[in-house]
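Both complexes shown next keep chain A, but they swap its partner, so chain B is in the first and chain C is in the second.
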Partner chain A sequence: MIQVENLRKEFKKTVKEPGLKGSFKSLFRPKTERVVAVDDISFEVPKGEILGFIGPNGAGKSTVIKMLTGILTPTSGRCTINGKNPTVSRKSYVKEIGVVFGQRTQLWWDLPLRETYGVLKEIYEVDDKSYKERMAFLNETLDLESFISSPVRTLSLGQRMRADIAASLLHSPKVLFLDEPTIGLDVVVKDNIRRAIEQINRQEQTTVILTTHDLADIELLADRIVMIDKGRNVFDGSVGELKTRYGQIRELNFVTDSPDPKAALDYLRHFSIGEEDVSVKCEGSAVKVRFNSSAVPVSDILAYTLETVHVNDISVKDADIEEIIRRLYKQGVE
Partner chain B sequence: MKRIFKIYTPFINAGMQETATYRVNWVFYILGSVLGCFVSYFIWHAVFLSGSGETMNGFSLPQMIVYIFLIFLTSTMIGSDAAWAVGEEVRDGSIAMRLIKPVSYNATFLFQELGNKLLTEMFLVVPLIAGLEIVRTVIVGRVEFSVVNLLIYLCSCVLAYLINFFFNICFGFLAFVIKYLWGANMMKNCIVGFLSGAIIPLSFLPETLGRIFMLLPFASLNYTPVMIYMGVYQGTELLYYIGLQVFWALFFFGLSKLLWVVSVRRLSVQGG
Partner chain C sequence: MKHIRRLFRIHRIFVVQELKRMMEYKGDFIVGVIGFLMVQCSNLLFLWIIFNNIPNLLGWSLNEVVFIYGFSLIPKGIDHLFFDNLWAIGHFTVRKGDFDKYLTRPVNTLVHVLFEKLQIDALGELIMGIALVCVSLPQLQIEWSVFKVLLGIAAVFFATFIFTGIKIITASVAFWKKRSGNIIYMVYMFNDFAKYPVTIYNEVIKNLITYIIPFAFTAYFPALYLLTGENPLYNVGMTVLMSLALMSLGVFVWHRGIRAYESAGS
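Moving on to the complex of A and B:
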């Protein structure tokens, strides 16, 4: 159970004026400004849920994760995880969580992978029997056997990520934080990692908080989405809700042999709607119409299109989550 | 206590393995330090030859030789890279990876470095002390080696290392404020080298200045253990200097705990 209440984090940042002159100036009289990275964020995650935590670059996702894992101290607000405050009782708190930062490794760079697990076993006080069982299980789901004796610095990115995820799961944590666990990986490894996360979540009721830019991760794994932008919470709900709330966008694709379909089809005037609700794109004989189905029902658009031009092939597509999020990222939410 | 030992021994082990991974680097490191030591020997040799008397500020040439090589051995034994290591972790943000583990931040550094050092010291202490004593016996013409002094010296070195380690940790926390520590670290090494007697013996300095320096924690790093080995400190004087070492070790241990609590609050992890 994770509770986040009014979490806020400010940083002081030195501002450097451009060029060499600016560098000299900031050397003697540095100007600082306050940057609000996370601004009043609240959400809750019940046990056993997979939460997708998304937002554009620089939205404050990683900062939130760092506060939840006890690395950063919030400027104000509270987060409580299983009744514990991460910054107050760091050592006993981090015992119950597993963390993977996709861009860093917690593995011992110069030692064979196996040694890292040996060290972790002692740190987390895992007894011999559970350690053996756990290693066997992780081996099976993440397929570590082929490189477990190699020094970590010789591993490929995909191998390293699998090894890192295994390291975060060795002590059977109650909560797993994954900060971009699939960054830079190929499709096969991504798939492999998603399946492992799903399996662990299902078998052990592990709560998972996942940040990612790969929306397939979200669609396949997340029960719920929290989206933040510029440090603020902009959406909190299920994938389905996101679609119904922002996803009335449909896409009508058809092929026509009429000479100038774009001129013939005047959706704007016919339905008296604005440009934000419909857009038409022609590529040769293929036409793509994107429209807001809450402004114009799908059936009306279809009927009008079919009677105006001669259509050979037609299909209507649901907007996928990627499209929704792209729109949200671009325009921000009201 | 047993639990603490169990948790942190893997760090000693890992530290040793890390050193062993880059064997050639390690050999060059030792060779480099030994060479530096000989350079300093030849300089002092020339100084003595150009001098007027048998002794200089109470040091005879054989004593000076012992001093030079022991200072080298001591500063290698008690040397600590903790300030640099902390600084680098703060600079590149990898400090985050240490914070997500249920272990004490300072203790992991301590034990990892102990692992690094154990290997170096095993290969350095025995040959260096043996070689030094043989040379000394030949020059002086009689055996001046004392097992008791050697044992007290080793204990004093352990204390000196703890002082140095915790001092370096405190210094490393500066990185939370100034972000990059390279320059500050150079300056620190230079000043500590001078104040600890690694460059010239503290008894060569004007008397008042020397007295003040002896009270500073840095004299406890190099000068005190070497003086103990050379049998200069005896009886109550010996107890006084060991006591001073214990005091400084506890002082910097406490300070490092305090600074940790203060600085971890203002941590901003750099680089994503």
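Moving on to the complex of A and C:
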């Protein structure tokens, strides 16, 4: 369905020295440098899959999405949907896709919502019969009826997001791009929107590419995750795989009054494991031990620790998806 | 043919949408038209004062000057009425990343941008232009023929696209420089020179508005042909040529610009 091959995007950035003087200098002799925002990203998405596309702020997510939606021209590499390429024939390419940017709207701001759908019908050349059926379907899935006659500027954020998703689906696209579709929404509306996305995906086999910072979206919707960082692809697999690959790392936290616990606790020799499986950090009396639970069982670590030093307070943290991702975002993938 | 029908259809849809939008804000719309009429009246007053003191301008009579002035407002007004959205491209659409919207729709981006907005204020200019031409005509001894009328209409049509072409080229600068509102403004303002007979200016300005920013072909040259019947090949032919050249260059620069478009972070 979607094929992304060696996608790369460089931006030219003007380097400015600080202050007014710097601004003047760059006005007359601008210094530019190349910034690589996306570096050699490849992945494929089969028909009907929901792909969670994640990464920390500034990782290049938006840049990738914008290349996939025909907004930005790749520096090199290419992406195709059903064999169509946006740099070759943008117009026929965008007919296959629907796009929602949570932070922007494509609705006609000053007019009743209904008018937007009327115009989009013409832009996408949807015939009258399909339009009627489509509106009925979208109405039912996204519950637009109560505000379809209100001017768009008066809609609440939740209503606007539903309206925007409906607008992106009017022409029955094969692929739906959702960039932060749940940003700023309350729990109930988030739930409604997730359910709608799931329903559309199930009923119409619409392929969905979803970027979000709300990991509940990912856990509830995504069949697969592609994670990028610093413009590179760092993980590609299911949520389960992410957990087994990175979820074995546990964290043992305790407070001790023993002097120099780091010297006393020799996990490396005691369990004869390597440095990649355990690390100890001390901050005053607080100690943090990060270890790989598949190399050493949690109970053994606990027992050895309690034997060796005097412990006041102890906890073992399990790695949930949020924790895994937080760690990956913070330190990158080793 | 199907292509052209679709263009007309899209244009109609957008125009209807714009009219509905204006009806949402009636007060604003009415004030806009009145404002423009007032600006045009003050311009006229200015002309009238000058000509009360100077009965002719380097051999141009008041009526001739009024005719050229009025003629200049017609293509300018038409461009202003239909294709004013280009200003927004230069000022904020590109800089804020709102241009993304056009790129995700299956319509040519330039067509979408041009058709999307309607600037009703421009009616003030257009009405004033037509009125000035109508007032000055009976006082001028012009020999009319069908050929001349047709050439006159063609001249207005192509002159309109001289304005549009220049705006497209200057607006496109925003794709590289993020904003180009001031560049559009600076270049566009040269059309003020073109409202008067070109012969009153020194060589620098004359050459500038004839060959570099060819606004002279939106008013003086075609109007000269209508007034005198002289040299249609140059006076109207160059209007057509300049118009086609500027539009072609505009379309070219625009599409190059889109490749350089960087959107904005979100």
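Basically, the second predicted complex is superposed on the first by the 268 of 334 C-alpha atoms of A that agree within 3 Å, B and C clash if a C-alpha of one lies under 4 Å from a C-alpha of the other, contacts with A are read in each partner's own complex, and residues count from 1 in each chain.
As a working rule, a residue touches a chain if its C-beta (ideal position, glycine included) is under 8 Å from a C-beta of that chain, and two chains touch if they have at least 3 such contacts.
The structure presented is a predicted model; accordingly, all values stated were derived computationally and were not measured.
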*Superposed partners chain B and chain C on chain A - clash or fit*: clash
*Could you look at A:G70 and tell me whether it touches chain B, chain C, both or neither (first, second, both, neither)?*
both
_Which of chain B and chain C A:V280 touches, first, second, both or neither_ = neither
*asked:* Let me test your reading of the model: by the given contact rule, A:L302 touches which partner, first (chain B), second (chain C), both or neither?
replied: neither
*Looking at the overlay, what does A:S62 touch: chain B (first), chain C (second), both, or neither?*
both
*Give one of first, second, both or neither to describe whether A:D110 is in contact with chain B, with chain C, with both, or with none.*
both
*Starting from the residues of chain A touching chain B, keep only those that also touch chain C in the other complex, and list them.*
11, 62, 66, 69-73, 90-92, 94-95, 97, 99, 101, 103-104, 106, 108, 110-111, 115, 118-119, 122-125, 151
*In the complex formed with chain C, which residues of chain A make contact?*
11, 62, 66, 69-73, 90-92, 94-95, 97, 99, 101, 103-104, 106, 108, 110-111, 115, 118-119, 122-125, 151, 179
*Touching residues (chain side chain A, partner chain B) in the complex*: 11, 62, 66, 69-73, 90-92, 94-95, 97, 99, 101, 103-106, 108, 110-111, 115, 118-119, 122-125, 151
*Touching chain A in the complex: which residues of chain B?*
3, 6-7, 9-11, 13-14, 17-18, 21-22, 93-94, 96-97, 99-104, 264-265, 267-269, 272
*Would you tell me which residues of chain C are touching chain A in their complex?*
6, 9-10, 13-14, 17, 20-21, 24-25, 97-98, 100-101, 103-108, 258-263, 265-266
